[in-house]
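Pasting a structure below so you can have a look.
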Amino acid sequence: MTPVGSLATPDEALVASYLGGPARTGSRFTFWLGLATLIGLAAVAALGLLAVPADDVQGDTVRIIFVHVPSALGAYAAFGLTALGSVMWLWRRSVWWDVTAHAGAEVGVLLCGLTLVTGMLWGRPTWGTYWEWGDVRLVTTLILFLVMVGYLSVRALGGDAASVATRAAVVGLVGAVNIPIVNRSVNWWANRTLHQQSSITDGKLEDLTLFTLFLAFVVAAMAICWMMMHRFRIGWLERQLQARDLHDALAARRAEANR
Amino acid sequence: MSAWRGLSLFVGDARLVAAKDLRIEWRARTTLGQVLPFALLVLVLFGFALDANRPTLRLATPGLLWMTVLFATVVAVQRSAAVESADGARRVLLLSGMAPAAAFAGKAAAVAMQLLVVEVLLVPGVVLLYDAEVESVPLVAATCIAATVGLAAAGSLLGAVVAGVRAHQTVLPILLLPVSAPVLIAATRAFADGFGTVAVEGWSWVGLLAGFAAANAVVGAVVYGPLLEEA
Amino acid sequence: MERRPNARSGAVASAVSLRGAVVLLGGFPALAGADLEVVPGEVVLVRGPNGAGKSTLLHLCAGLLRLSGGHGDVLGCDLHADRAAVRRRVGLLGHDTALYGELSAAENLEVWARASRVAEADVPGALDRLGLPPRLRDVPTARLSAGQRRRVALAAIVVRRPELWLLDEPHAGLDSDGREIVDGLVAAAAAAGAAVVLASHETGPAGGLATGTVTMAGGTLSEGAQA
């Protein structure tokens, strides 16, 4: 929000600084995007569950990568947005970025949880255990999940919108700075990562598996965009609602003087 | 204003804040009167929980010790934040016009001093209770300092995040404990080397602790100002 | 944007100049377009009922709150651009005392003085002026009475020698002796060229000091004494 001293009356200026942007969470674009995402999800499910052959080594469990890998990348991307939005709020007090950061954290927690659950489900038949402490990515992702849950709990504290935004942004920034350190420390600590390093690039996967995985990435990106747009617009509409209430609140406040 | 003069003002302000916090702490005796007995109690209870099994206890000593320090950090940070929230005292820092980074450095330094006192008493505690042996005093000392600075920096920053919020006592651990994971891992490993229970390269873990401390101190110095304003 | 302190510029520049100031506290417009002019040497009494926005007005003038709309200049600093620069130069007595309860009066004032980079040597003198007996100076302020704590809080302002005094209910909790001391401090500060803004909900004797009175209601200000 920029200082708005030049406008005629303070409330007009205030309201103008909030208004603008979409008035509903849906649009023609998100409708078609959502529809395409649903079709894409159905296609990935059909290909992944029926068409793709079982892996020579991993058997049927290989199919879980169509959910696990895209959601893991999506979780890190969403939290990257939260980190960027946190910086932009602290630096520029950009409401747009603040709303984006919040949306990123919510979508990120969902994807992060999905990554952990699918990872554990895959780990049981493959490694013989649901949770493998020696696995760097699994442990790092769990810490990331906990940091993001903390971020959302700060968001839920309530109170002045700017105050909550600043508190949450600091948590986002602290998380972004520390996650690489967490990763490094777990890496040294375990020093024996079990994770599938690069089944994708080392040519072990079938062509159809690779294609399905590629499709899963595209569909996941579409799904994330769809969720982000809707969640962002909810946040933005909340701000607009506050602005509308502010208009009335200013009038009511001034009316107190004439009582 | 020369850089040198700016630095001396910064250090002076930070010392002022740290001295004030330590004096308040000395009067209230939260660390000495509550945190220390609690920490020693935890050591005794771990002894029961692990069935007083000496080999197990010796193996688990570094981890138990740092878990205890982590809990002490939560208490010390909460207290440090509460000092500024009570009776509008935050205005001293705001109206004085001192650099927020100096205030942050001072508050973190006071928390670090308290944690070092806790550690200085916990290490002999595990030697006595768990039969641990300190093989490398420099390594143990360096680990304590690096880990403590990191915990104090991250803790003071996140303590300021929840300052003045009603639910601050429950939210602070949710925020602080996950990001403290590297400290727990690194300090435990370094101590395992320092106590001679596991053959690892302890000094490289001290390097990681120093990195954690530096990263969190820089973030704190930069964002403490906005937090002080908004809270 | 005029940011230099313009005391030397000849014409009497205002210490406080608010036009249409809006301050939001958690979305609530505590100030809903406030206008106020105070020049150095002036003592302005802001009168109004509870919840009129008086405390918010003083906190805004101290540079502690964000200006959400309108214009504000305090001591030549634009509140939008540089409100942090105002803080070092104002003294604020709020409802709370801004004292550390575990520290004594003398220690609190030393922290205030050193943090504000003013002479610590003034501390005993300031406590003398507020009439705090020497035996109470080394007692933790949490153990003092409310009126005694208020005197210590006022002494912290005296030590800082601010250019703008912002006193919220300065007579609250003080005995008649204490009220006289406060009136004396305010008169002396104004005579020395500082601007003073007093906020009070009562028609108390503070009115006697004031060179001007404004009435506050519903987050706005209007000239004159009648509510």
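Order of writing sets the chain letters: A, B and C. Residues in each chain are counted from 1.
Please note the rule applied: contacts are C-beta pairs under 8 Å (C-beta built on N, C-alpha and C of every residue); 3 or more make two chains touch, one makes a residue touch a chain.
Owing to the predicted nature of the structure, the values given are computational and were not obtained by experimental measurement.
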item: Topology of the chain contact graph, where touching chains are joined (line, ring, star, complete, other); value: complete
item: Identifier of the chain whose CA centre is least distant from the whole-structure CA centre; value: B
item: Comparison of B-C and A-B by number of C-beta pairs in contact, larger one; value: A-B
item: Rounded Å distance, chain A centre to chain C centre (Cα mean); value: 46
item: Whole-Å gap between the CA centroids of chain B and chain C; value: 37
item: Intercentroid distance (Cα basis), chain B paired with chain A, Å; value: 31
item: Two or more partner chains touched - positions in chain C; value: 66
item: Multi-chain contact residues (two or more partners), chain B; value: 229
item: Where chain A touches two or more other chains, by residue; value: 159-160, 162-163
item: Residues of chain A defined as touching chain B within the complex; value: 90, 143, 146-147, 149-150, 153-154, 157, 159-160, 162-163, 166-167, 169-171, 173-175, 177-178, 181-182, 184-186, 188-189
item: Touch list for chain B against partner chain C, complex; value: 12-13, 16-17, 20, 23-24, 27-28, 83, 86-98, 229
item: Touch list for chain C against partner chain B, complex; value: 62, 64, 66, 84-85, 87-88, 90, 92, 94-103, 107, 111-112, 114-117, 140
item: In the complex with chain A, residue positions of chain C that touch it; value: 20-22, 24-29, 32-33, 52, 66-71, 80-81, 217-220, 222
item: For the chain B and chain A complex, residues of the former touching the latter; value: 154, 157-158, 160-162, 165, 167, 171, 174-175, 177-179, 181-182, 185-186, 189, 204-205, 208, 211-212, 215-216, 219, 223, 226-227, 229-231
